[in-house]
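In what follows, structures are represented as structure tokens.
Both complexes below contain chain A, partnered by chain B and then by chain C.
Take a look at the complex of A and B:
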């Protein structure tokens, strides 16, 4: 490569990038997009799929810009004979317009992503735990079905304050309903992860962590603990259900009857429960 | 070149031979003695109430005091107390001259104040713990070969996971800085030593003590908290968790001191002519890193002391049952923890940008942009920690801010990539082993960075948080970023440091084995996380067996490729012993102009710097976008 090299390297790279992006972006959006997690088990989950698709689609041109340039440089500027004399390339120390455009483009991308993420978050809370005073309250939240998720080593139980605070060992939710999860813990920090619903909220002792979700159609829910909570953390998983409204009504009536004897021995329903002050956290 | 007086040792050399004296052996003897003395004394403090609070009957006061006593005894046995005591007794300051050009290996087993010896001590010491941590990773992948058949008990498994995390994030913090910053910073800025050579030695021996303390957890039942040590789970922990507290306390002290020492050296000890704009980019990266270390590590020390008090002095900082808050730990830990991951990443940027000009035979493209990038990452890293807590249940109002600040950090990181691409542009790229590792870094870190955007976007993070997706993300940045650049550094400066050539062909084989198995290990883990597998679990849905088996087998190959490197190193240094050339890479930076091996006092005369730090390349006409380079090189 001498300094009089007029090969249009930059145009070639730009063209290659354009081709790679034009081919890969639709593939990512239309082939991978629909399969992205966490599926369409709830409005929030479907929203997360949209977010994941947008992020993946945007990362294609960025990744290609770096990879195509890198690949082209390795191909075009590689010294093929390493035994000969060591020759230097041109002493280019920078290019202010390239730097400026890089800064402008990456800054716009970042600001767009942050704006996009914030708008998406503020629409419906995205199923994430928001603490005791949520930033985002979806429409009609005052009439939401309240479900308390009680985490303890190493299981989840659920209380339905709208149904006399009945405590059930498994989660059932009606379809097409706004659910307000109140996630809390009786001992250490856990995290309630209802995969298909796109819900994740840490369970902290003494903290009422609220997460909203709009269920859509009946589905099974894989529930995991997503925060290391001790020896049997790996076994802290369950299967929950979203069922039709009629099925839910009959299930919850049955549950109220079934668990009535146990309910008498339970602590009265409360937003939070504190661990015993004595002993090691337990 | 300005002549500066050579140091004239004022004290007569006091040669110490044999095992008696202040060395590793006496350090271990006094360390064990210190442990038992403090342990028994701690037993006297032991009151009736402690037994009542402790479910295991183990006395945390005794064990924590034991660790403190053991470490103090170890340091005294090594001779760290000698100099302060001599000064207090009125003896004049003295330069320890006995180690200069001393043949044999004994000098590596005691305190040294020669930055080159310390860097080799660091290299070997950290390598030992890196392989222990790597072995833990192999054990984790062995367990995850099957969702139902278990090799380890659940408790044992979590201890292995915790040790792997703590070992890699604690010890490897100094994995790059320890061997290479200690070795290169004084050379590159034209100094004969670090600002505080004894503190430099102290940081190394503290780190070694920390590693032993962490491994000792297996004698006390291990710990179940992972490297993050979330309260109040950790308060349930048996005495094995005291080892975690002792380990990270020592690591954080070592980190603060190391950062302080490096920053002081870079700011105050530059040779004439070494202006800020001539500072090699690796030194800039070390400066950015040391700022992070100095500012972030003390936060960890304080947090751990609060945790230790919860366990011993019946305070309740982190215990919700007595009015404390688990969020306090999460926040304090990540205020340290996020800068910490950039302590791991930034030196990698510096290494790659330092090496590319040599192998592209061009000046560093966008020097100021590169500096701004690393400084920007260092600065922003203090304002992003709550992205670890998006769904934690703390006040959620700041989530849009932390989303923005986290995504902004990709801007300065992007500068580094632009400088990488710009430096290679129109270069004459020489595909040597270090160069391959630099390019491997660029590939891996790109995917590490892009996957980070998914974690920073709150709606996406709701699913990815706490899953294997996050785990794959940070292994791409740390293993794919830090470790690949570390290997670039080893292959590049290894011949200078050891004095022996490394086999180029075996090095290339090792690169490809490592690069392919790395991507084959951690790439599928993104999918595993997306499919809903949480981290740190001992069992998983049977539908994920195929992917997990694939990952485990790839991980074993990755482990073998690292063992293969060990063979390359041993072959070069022990068996082949082919003397390295003074400047095999035709580098123009100052350390390569010195003879191999570098003499004890580095420079005969203190060098004077002038001109560009990367004087490669042929002048180009301004029409081609080039500026005329300064032709004068370093020295």
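Take a look at the complex of A and C:
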């Protein structure tokens, strides 16, 4: 056993870590970052891409510290004499300095990310459901396009209270518009997940869950239920659209005409609904 | 020691065999299907909805869809319907159940059918009173949804369990046509909470393929 090993292992690992981090962090930010989910279908979605990029970039030095150390140790402390008996290496001893710095650095990172996430969340709600009394109301929210999302086993429909409360089987939104989603359910708990918009909001019966999103450009939206809600949960998906304002105006006008027969039967627009009828004869 | 080894190996083999049997049964236990009849104008699908499945069914109290022939007889308990791609599908549904009402009145209007209409007992309509809906035939992925009106609660000669005789028992008849798209497997379902006795009446037959939901196999 060589107890007088003066090889500068720590410095070597630190140097390798620095090189790996310096190479990989810009790659993560500038190459992988723009391709991270959920894309740029809305201002909130683009913000989430930024957030994911920050998270991934900050995880690179940590991951490199672990991987470089592991790789170096496998290489540096390998058994060189394969002909002799296998000997145990030097006993592992604690290093309070390393432990302390590891705790300080990782704790600082976690606390920074908690603060960063909170600030980002408070900027515009990040497309998340904020319940019936949103903490974050974006600028101009009083003039937002209101769209109610009605979830039920196993489909979504949409009501537009600003257009006579018309209900439609598909979601269509105008581009460059602040949209105020009111997400609720007619039966069990669902979750409205509009992927390209970066919107995810739980749909609970009797609860008006508000989520804001700023649409930017025409795009298709993959809509899924993100809460296990029964046998057809996996089939509870749709494709929605963000279209130009002119196309939206034309579409909503057509929808009012197309769905006029159902409109006569609709219950008055309400922020919430409770399952009714509860069942047969109820 | 040898005995322990034998026991361990036997138990291991037993578990592997059980897993293999489960996977085999899962892969081979495919629900039955019914192919729509071909006509000069497209495919013809004849269906029926009943308040309760046949008395010899594993769930004789569950509401259910059935496949019938054009006369409403020849009942077959399948809910996977095979229809041709890019074709018109004419559907006739004899409905023997009473009304439950719709949780979402929007579904009282037919969508996705040719002309956006259906016929109820021969009368062309776009929507029904949502309170009178007994069931719905909907294929969400194709945008097809048609409400089925119930028979009056006090209807004479109401049918109990399948099969029901269309010449002697009360029923409504709904017809509509829709166009299929590309080949694929599409799910269909009822949207009326009609699974009585389960949470929000959406359990049991509502969540079991073979009763109030199934597949449209477009080939």
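Note that the second predicted complex is superposed on the first by the 258 of 282 C-alpha atoms of A that agree within 3 Å, B and C clash if a C-alpha of one lies under 4 Å from a C-alpha of the other, contacts with A are read in each partner's own complex, and residues count from 1 in each chain.
What we mean here is this: contacts are C-beta pairs under 8 Å (C-beta built on N, C-alpha and C of every residue); 3 or more make two chains touch, one makes a residue touch a chain.
Since the model is a prediction, treat every value here as computed from it, not as a measurement.
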Touching partner for A:150 - first (chain B), second (chain C), both, neither: second
Greater chain A contact set [chain C / chain B]: B
Which of chain B and chain C A:231 touches, first, second, both or neither: both
Partner chain in contact with A:108 - chain B first, chain C second, else both or neither: neither
Touched partner set for A:188, first chain B, second chain C, both or neither: both
Contacts of A:70 with chain B and chain C, given as first, second, both or neither: first
Partner chain(s) touched by A:48 [first = chain B, second = chain C, both, neither]: first
Chain B versus chain C as contact partner of A:261, first or second or both or neither: second
Partner chain(s) touched by A:169 [first = chain B, second = chain C, both, neither]: second
Interface residues of chain A shared between complexes with chain B and chain C: 187-188, 230-232, 235, 275-282
Contacting residues of chain A [partner chain C, same complex]: 150, 152-155, 157, 167, 169-170, 186-188, 230-232, 235, 238, 258-259, 261-262, 264-267, 275-282
List of chain B residues in touch with chain A within their complex: 53-55, 154-155, 157-158, 224-226, 228, 230-233, 235-236, 319-322, 325-327, 330, 360-369, 390-397, 399-400, 403-404, 407-408, 410-411, 414-415, 417-418, 420-422, 424-432, 439, 442-443, 446-447, 450, 453-454, 456-463, 465-467, 530-532, 534-541, 586, 612, 616-621, 624-629
Chain A to chain B touching residues, read off their complex: 1, 3, 5, 9, 36-38, 44, 47-48, 51-52, 55, 59, 62-63, 66-67, 69-70, 73-74, 77-79, 82, 86-95, 98-99, 102-103, 106-107, 110, 113-114, 116-118, 120-122, 126-136, 183, 187-189, 191, 193, 195, 198-209, 211, 222, 224-235, 274-282
Chain A contact footprint on chain C (complex, rising order): 100-101, 103-109, 111, 116, 126-127, 129-130, 138, 140-141, 143, 145, 187, 189, 191, 193-194, 196, 199-202, 206-209, 213
